[in-house]
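Following this line, the structures themselves.
Shared between the two complexes below is subunit A, which pairs with subunit B and subunit C, respectively.
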Partner chain A sequence: MLGPPLAVALGVAAALAFPEPSDTTRARILLGGLEMAVPLAAAVACATLIGQDPAREVQLSAFTPYRITLLRRMTVVLAWTASVALLTAAVLILTGWWERWPQNHGALAGQLTWLAPTLALSGLGFAAGAVLRSPAAAGAIVTTVWAVQQFFGDAVQAHQPGRLLYLFATTRGVVPGDWTANRLTLLGTGAALIALALVLLGRPERLISEEDE
Partner chain B sequence: MTTFGASLRYEFRMQVRKRSVWIVPALTLVLFVLIGGSLLRDLFDPGERPLDPRTGVVGLAVQLHALLAIGFGCLLADRLVRDDRLGVAPILDATPASPAARLLGKYLGAAAATAVPIAVAYFGFAAAYAIDTRQPVALAWALAAFTVVIVPGLLLVAAFALAVPMIMPAPLFRVLFVGYWLWGNIVSPEMMPTLARTLFHPLGGYPLDALFGFHGIDGEDTWAGPVTGATFNVLRPEPTPVLAWLSIALLLLVSAAALAGGHTLRARRLR
Partner chain C sequence: MKDLLPAYAAGSLPDADRERVRLHLADCARCRADLASWQALASPHREPPPDPAALIRGVLTRSALTPPEKSPPRRLRHLAGLMLAEARLIRMAVPIASALVMALGVGLVLWQATAGAELVLALVAPIVAAAGVAGTYRSGHDPAAEVVAATPTSGRLLLLVRIALVFGYDLALAVAASAALAATGAAGTASMNTLVTAWLGPMVLLSSISLLIAVRFGPDVALGAAVGLWAVRVLVGGVLVRDGRLARFVVEVWTTNAPVLAVSAALTTVAFILAGREPPGVRHATHPM
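Now for the complex of A and B:
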């Protein structure tokens, strides 16, 4: 629960710490908090959903399929993240900081700034959790993918597939014309990864066999 | 000593057999190769690789350390709290074995095991590079860079990964850790106040600069020393070999302090 608000707070702190009086860069850092920090917090939480229940056998014998229970938990995580992100975006729009970043894409479509990477990265975390059944490993994969895109942003965007899957296209995108395709690709990727996780979670023997503790 | 040795051996064997300890670095390396632009490709391209073997393997150490340390920290983040979660801790606490020796053994054993894939990857690529360029000296530089640059950084990460989840949930630690790793290592001091390029730089800015003369693959980067107009310049004296060793000692000292903090917290909870 603490992750998304803390992520927003760190984004604001980073914007305030920027030493030069440039509103554009400060606005970029504020939107960057929404695009970078918020999805990371949500995704690591989603990566932790699988492999933590102490009584999985009981869950598997319940009337509600266990994968539906896990999907509901993921929905709670994403709904809380969305609430925090929307509130932050509303504050940025009302205070004028949103439009000070030229590639903001408007108040409505611009919400894909946080929504698309959140769904893609959370889907990755959920799918990695379903495959590995280890919150530590799934969290490590999410943070590594996020860090690779941070450290090697230019190399990732050097080719079209990389640009379509780049998580930070609003604040660090090199080809602004690719933004809409990028956001839709991320949404589709997130949905596909969640579907993959649900298929894997439909096999109970995967959930009660030996874990990678 | 017996407690320490037994704990170290047990933790090492348990951790090194975990599939995820191998899968996470392997996937990271695959991703690293796929994106291109990294030294993993350039080292084997005669037109792109650095002419000096020292620059080549030290640059490889920086890139692998920057990236693989993230998975390393995340994988270790549940090691100490896990004993409580599984109910093993009270049983171990009831034995005459010293808790401090057990913690030290767990720290070094789990950290060493999680570092094995990193070492295998690094020395594997360094060996392939040495053979490809017919410069065996590259392996000696790789050994030096691993010992002086990568090991102190990993020891720091491991100490915090064990201790900090005592005061916050492990997932939150993972988020804050990767944020810190970016801020404290990569973010430019001109952009915002950061500990990057200071004496407390887990990527090893001072050893890279003063002990290896490393200034990036193209020789144009600065890894340590004062930055005009930046905050925390008091922590960025001009690099010298003495300061490089001091920087390593500082990382080890902070690691020991973090571990001692974790030990104290556990001891208080037991009372």
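Now for the complex of A and C:
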């Protein structure tokens, strides 16, 4: 639960630590904290949802399907992340920093800055957890995808499919016209990955089979 | 009458009592049997019991004079057995994911030379190792937790063996990745030594922090903390902020140097000391310990 607030704090600290920045650069760092750090924190939390539940056997014998319980837990994580991100965005809008980044896309649609990558990366973490049943392995997958998009941003955006799946299109996008399609694609990808995870969790006995090996 | 039998066997009864017992024995078979037992005990031909002081002195002297068995082969066999047993408890997903992530990093460097090989390895290798270490320490959730609690082998030794396996595997992966990049020339002018120096310090530091937090607060918190610290390095030392005192400090910490290695060793030592203690918040159902 500490992840999203710490991610926001990291963005603010980075903006304050930058020497002699222009307002545009500082605004980019602040929005970058929302678009880069907040989704990573939420995704790592979602990656750890599956695999280390101490009450797993009890959950599997309960009337409520375990995948519904896991989905509820993921909803709590995302709701908390959204609360922190919305509060931060509101502060940035009220203080004028939101407008100082030219590609801010407004106060309302601009919320997709953090919402789309958060849902996509969290869906990836949840699906990786369902496939690998190991928080460490799922966390490594999430951080790798995030890092690849950071360090190979130009290569990823060199073609249309890559641009549509690029997580940081608001602060590092090379084709601003693709922004809306990019955000919608990320939202759809996130929903598809969550659906995939729920399908995989339809056989919850897989979650305990490895412990018996 | 039975109470008088020991004294009768020892011959210390007064005449009147001795006569009374003798008459009773003529008619009672059970008391005759008891008397036979007492007489056997009181027999002057029995060997006297050994002197306890002499016995202990003799055992200690013999123990001191007998050369010990050659122990190194047994220890090595024991250690090999421990490593084999611990290796079975590591989930296969962890080494497979580690290898895939490292291979992806190498592949991307070979495919796109925009990001330097040193930087990619310096950022991929530490998070792979730290995530592996965090996921390895599972304490009470370990499938073999009950067996570990009952075994005479120290829990710290078992943790050391398991961490050595995971970290050693990730270390070997990173060395292999460095060798592959150096051999193909994708690293530019960077030598094998330069590549290893780029990731070794950060890998050791992040893994030791991850281990300490895992021991104290659990694997999920450790994974989150490791990813958070790693993200600080990526964002503040590279993507978002490249200049300034904070960025320079972060980059300086994320290198291989003596202070980083010393701090890592200290954190690892503290983690192993804490590993033998109860984590905070543990409640015992039946008794306080």
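In this section, the second predicted complex is superposed on the first by the 208 of 213 C-alpha atoms of A that agree within 3 Å, B and C clash if a C-alpha of one lies under 4 Å from a C-alpha of the other, contacts with A are read in each partner's own complex, and residues count from 1 in each chain.
The working rule: a contact is a pair of C-beta atoms (placed from the backbone, for glycine too) under 8 Å apart; a residue touches a chain by one contact, two chains touch by 3 or more.
Worth saying up front: this structure is predicted, and the values here are computed from it rather than measured.
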In the superposition on subunit A, see if there is space for subunit B and subunit C together, and answer fit or clash. clash
Touching A:Gly162 in the superposition: subunit B (first), subunit C (second), both, neither? first
Which holds for A:Phe151: it touches subunit B only (first), subunit C only (second), both, or neither? both
Quick check for you: in the superposed arrangement, does A:Leu119 touch first (subunit B), second (subunit C), both or neither? neither
Could you say whether A:Leu10 touches subunit B, subunit C, both of them, or neither, answering first, second, both or neither? both
Quick one: classify A:Gly32 as touching subunit B (first), subunit C (second), both or neither. second
Have a look at where A:Ala137 lands relative to subunit B and subunit C in the superposition and call it first, second, both or neither. both
Examine A:Ala41 and indicate which partner it touches, taking first as subunit B and second as subunit C; both and neither are also allowed. both
Subunit A positions within both the subunit B interface and the subunit C interface are 2-3, 6-7, 10, 14, 17-19, 37, 40-41, 44-45, 47-48, 132, 134-137, 139-141, 143-144, 147-148, 150-152, 154-155
Complex contact set, residues of subunit B against subunit A: 18-20, 23-24, 27-28, 31-32, 35-38, 66-67, 70-71, 74-75, 77-78, 82, 86, 170-172, 174-179, 181-183, 186, 190-193, 229, 231
How about subunit A: which of its residues touch subunit B in the complex? 2-3, 6-7, 10, 14, 17-19, 37, 40-41, 44-45, 47-48, 132, 134-137, 139-141, 143-148, 150-152, 154-156, 158-159, 162, 212-213
Subunit A contact footprint on subunit C (complex, rising order): 91, 93-94, 96-98, 101, 104-105, 108, 111-112, 114-115, 119-120, 123-124, 127-128, 131-132, 134-136, 138, 140-141, 143, 219-220, 223-224, 227-228, 230-232, 234-236, 238-241, 243-247
Using the touch rule from the top, collect the residues of subunit A that touch subunit C in their complex. 2-3, 6-7, 10, 13-14, 17-19, 28-29, 32-33, 36-37, 40-41, 44-45, 47-48, 52, 54, 132-141, 143-144, 147-148, 150-152, 154-155, 210-211
